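Both of the next two complexes hold chain A, though its partner changes from chain B to chain C.
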Partner chain A sequence: MLYVHSSNCISPQQTFPETELCELRESENNQLRVKEPAYTNVPPGILRRMARAVRICVGAALPLIQGIQEPDGIIIGTANGGIEDCIKFLNQIIEYNEGLLSPGSFVQSTSNAPAAQISLISKNTNYNNTVTHRGLAFENALLDAVMLLKEKPDGIFLVGSVDEISDYNFNIDLLAGSFRKEIVSNRKLFDHPTIGTIAGEGVLMMTVSNQPEGSIARLNDLQTIHTSDEGLVLETLKQFLKRNGFPRIVPELLITGENGDIRLDKYYQAVEALFPENISVARFKHLSGEYCTASSFGFWMATEILRNGKIPDIALKKGKKTGFNKILIYNNYRGMQHGFMLLGKAEALSSSKQ
Partner chain B sequence: MTMETTELKQQVKEQIIKFLNLTTLKPEDIKDDEPLFGEGLGLDSIDSIELIVMLSREYGINIQDPKDGRKVLVDVNTMVDYIEKNRTK
Partner chain C sequence: MSRIMITGMGIISSIGTSLHENRQSLIDEKSGISQLEFYPTAYAGKLPCGEIKISSATLNQKLFSQPDPAITRTGLLVIHAAEEAVRDSGLSKAQLSSTETALIGASTVGGMCLTDEIFHDAHARAEGTPYTSSYDFASATLVAQKRFGILGEVSTINTACSSSANAISFGARLISHGFARRALVGGADSLAKFTINGFNALNILSDKPCAPFDRDRNGLNLGEGAAFLVLEREEDVKGKRIYATLSGFGNSNDAFHPSSISPEGDGPYLSMKRALEKAGINPAEINYVNAHGTGTENNDETESRAMQRLFGSPPPFASTKSYTGHTLGASGAIEAVYSILSLTHQELYPSLQFNNPIPETKFEPLKHYRKQSIQHVMSNSFGFGGNCTTLIFSIL
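Coming up: the complex of A and B.
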């Protein structure tokens, strides 16, 4: 499908500019917010006006595209874009009785602001798209890149996803039962499963192409489905695995989006049960928190595991820590939007397809 | 310069920093006669709209004609002079 050449992940954990996942950064008030880096690549005059989602996205993207050929496209998946500024703008409409409104928060709050800012700063006038499929926005951004690489086999694309916590939508989601009512540390997210989880945010940006040379991982296949039917999810997964050589070829590692919400456990348990006992299982929502494009953190973790050859201790649920060539990621968003992504070392998956 | 004008200049500088999110600047970094746009503070067209919004919200001044905006938003001195003559709150 496509090869990942470089990536930057800004998350609530120490993942940018250097990765250090030995120490878990703790959640506060059931939220895992990103620790923003110093943005040395972004002109201060532009930085001051950016919404947080735009800032972290630009901060992750710019180092990737400096010194390489101009990307043939910029594709970003985001469910909510700069939601905090969007709400700020809507509140202004009420506060000032639909009078004179400050344009900054409007400009920065549109979903396509992150991709547009990267384009403006890097003077890239090629394809520019923002994908907003809520809990599957990241997967669909990847799918867009896959299709573009079929049209332009020599192309290189900047693809990724971003979403931020806003106080307003956190409270709405809290009232809707998405997040835990009692305060829980992310360190103990899986210890006492109950209804709800913790909120998160983050950005992943990557350069991708059809070229295996110099790549860190290959996305071999991708499947999404909208349903709450557990049986249909499993059937979709079985077909997905079958077309990728299962049971002859079995992923050695399953990364799941398990988030401590008992309402979603049945999906993750059913998927785990499909595989032999000896496959390793890892999870990441205690590191990233839950958000619409959280699967991108799982994707980034998979590429890091393939690059380094081992799982960070804090992510391992069961099984061995090393020796992975093929990794399956399964994530679902609120039990309705399910995504499967099969990754591997470039060589391993290339040979398994033959 | 009256005490009121000096205080108003300080207040306008603080508001410029707040409205335009110029977090690296302090009021004393902005000179009274330093051009707001171009070589001075380096503001741009979106900032000019933010400043017009600021004048409306903070001083009840509605600048309807863009030509007036060009005359008012030259530097802190011109802004304060305009505010003193036209403020409604």
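Coming up: the complex of A and C.
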């Protein structure tokens, strides 16, 4: 489908500019927030005006596209864009009873602002798209890149996702039942599954193309489905695996979006049970927290594992730690939106179809 | 590669709750822009809008046997338009719920029409409202996914005012690349304090019905609505009524400013040019342009400039936002429907409230309804963040 050439992941863990996943950074009040790095590539005047989601996204994206050919398109998945500014503006509307307001927050809050700002700063007039499909915004942004690479086979595309925690969306999602009512440390997220999980945020930006040379990893296939029926999820997975050579070819590692929410365990257990006992299983929501585009953290982790050859200890659920050529990622959002992504080392998968 | 055919359409706007009503209003040159009667805002009576004169409760009762307490007005508009499109195309329930059917929605407001409810929930005052899972942009698409049981690719796009134009091209591309066999594509937005106050803070809302491309235009009117199209592969539509084909689409970012278009209209020029390239036709073959034409100082001048660069002297053009107001994330799909109606009935809909041309270009939009033989219609949608998209529809 496509080859990943470079990536930057700014997350609640030490993943940017250098990656160091030996020590788990701990959650506070059921939230895992990004520790913002110093941005060396963005003019300070522009930085100041940016919403946080826009800032971390631009901060991750710009170093990737400086010094390479101009990307033929920019695609970003984000469920909520700059939600903090969005609700700041709604607060002003209520507090000033629709009086005279400053448009700053309104302009920053539109969810296409991250992709638009990258185009604006890099003066890129090519294709530009923002996918806002809640728990599948990242997967659907990738699908757009896959199609663009069929339309322009020699192109390079900048693709990724971003979502931020604000106190406001945290409260809204808490009322909706997404998060634990009691405080739980991310270290103990999986110890006592109950209703709810912890919140997270982050950005992943990548350059992708059809060229295997110099790539980090290959996305071999991608499938999504909307359903709450775990039987249908399994059926979708079986078809997905079959068209990718299963049972002749079996991924050695399964990365799941398990998040300590007991309501979602049935999906993750059913998917795990489909594979042989000796398959390794890793998880990441205790590193990233849960958010709509959290599967991008799992995607980034898979590319790192393929690059380094080993799983960080803190991510391993069971099985061996090394020797991976093919990795399957399964994530679901609120038990309704399910995504499967199959990644591999460029050479391991280059002979199979698609 | 097989052509993408439009076999069904559905629409709800301030000029009608069906395809038929919308077309009749366009023929009658009847605008839907009026003072607000339903939406509660401090600007009711001051800033005219393209409001659909049906309450959300009435829509909910009409569409659901058991009114859904968690659905927003945006979601209701989606269901209203999508159901008409599905009926119109004659898709069966089985076809609709198949894994081969995609659903691509678009919205810039989503559930944010519920300003006061969001304020309540964001500040976690005791119990939540029924809407805690309905505020995001995807919520309205997900309502339709559930309603129709769609198991194919489902997505939502927000590129500001070009959102649903991109939803339409995304659906067509899914079909072309074999990721779907058919697609239900479109978008919806409802009036919201969020956008009324946002655009007002930017000083681009008119206190009069908007006058696109007029020298003395002084801003846009916000509107609300939804439109959906059914796209199918040419080989699947034998014996079906075919409205038109989506022959071209182009996307560009203007890369100039977060909330205004570059003086020479670079993004608009490129999106129009790319759509023509995709369609494989020359500028001179375009018979009619449904312009973005918001009625703001910046848009109409830069769009005129871009048309001048592309066409020299442009073909007949008009902005149907003078009927519906600017329906934001819905406008690309609503104007796609109007463009296709033009082709189907071989007729051109005029712009309203035009008196004097912009001095720099002297372009005059079409002022009166007329019958004309046409083959290719272009529809422009340009958004905040520089997101420009152009669609071209053609008859066979």
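What we mean here is this: the second predicted complex is superposed on the first by the 351 of 354 C-alpha atoms of A that agree within 3 Å, B and C clash if a C-alpha of one lies under 4 Å from a C-alpha of the other, contacts with A are read in each partner's own complex, and residues count from 1 in each chain.
Note that contacts are C-beta pairs under 8 Å (C-beta built on N, C-alpha and C of every residue); 3 or more make two chains touch, one makes a residue touch a chain.
Predicted, not measured: the structure shown is a model, and the values here were computed from it.
Taking chain A as the common reference, can chain B and chain C both be placed on it without clashing, or not? Answer clash or fit.
On the superposed model, which is not a single observed complex, chain B and chain C fit side by side.
Quick check for you: in the superposed arrangement, does A:A270 touch first (chain B), second (chain C), both or neither?
After superposing on A, A:A270 lies clear of both chain B and chain C.
Should A:S102 be classified as contacting the first partner (chain B), the second (chain C), both, or neither?
Once the two structures are laid over each other on A, A:S102 reaches both partners.
Mind working out whether A:V250 is in touch with chain B, chain C, both or neither, as first, second, both or neither?
Once the two structures are laid over each other on A, A:V250 reaches no partner at all.
Output check: A:I195 vs chain B and chain C. Expected answer is one of first, second, both, neither. What do you get?
Neither partner.
Looking at A:N128, would you say it contacts chain B, chain C, both, or neither? Reply first, second, both or neither.
Second partner only, chain C.
Which holds for A:I314: it touches chain B only (first), chain C only (second), both, or neither?
Once the two structures are laid over each other on A, A:I314 reaches no partner at all.
Comparing chain C with chain B, which touches more residues belonging to chain A?
C
Please indicate which partner A:R48 is in contact with in the superposed arrangement: first for chain B, second for chain C, both, or neither.
first
Return first, second, both or neither, reflecting whether A:L234 touches chain B, chain C, both chains, or no partner chain.
Neither partner.
Taking the superposed arrangement, what is the smallest distance in Å from a C-alpha atom of chain B to one of chain C?
8
Quick check on my understanding: which residues of chain A belong to both its chain B contact set and its chain C contact set?
100-103, 107.
Quick one: in the complex, what on chain C touches chain A?
Residue positions touching the partner: 41-43, 99, 107-108, 110, 112, 115-116, 118-119, 121-124, 127-128, 132-133, 135-139, 141-142, 145, 150-151, 153-160, 166, 170, 173-174, 177, 179, 193-194, 196-198, 200-202, 251-259, 266-267, 270, 383-387.
Residue numbers of chain A touching chain C in their complex, please.
The contact residues of chain A facing chain C are 74, 79-81, 86-87, 89-94, 97-98, 100-103, 106-108, 110-113, 115-117, 119-120, 122-134, 136-137, 140, 143-144, 147, 150-151, 167-169, 171-176, 224-227, 232, 292, 334, 336.
List the residues on chain B that touch chain A in their complex, please.
Listed in rising order, the residues are 19-24, 42, 44, 46, 49-50, 52-53, 56-57, 62.
Which of the residues in chain A come into contact with chain B in the complex?
44-45, 48-49, 96, 99-104, 107
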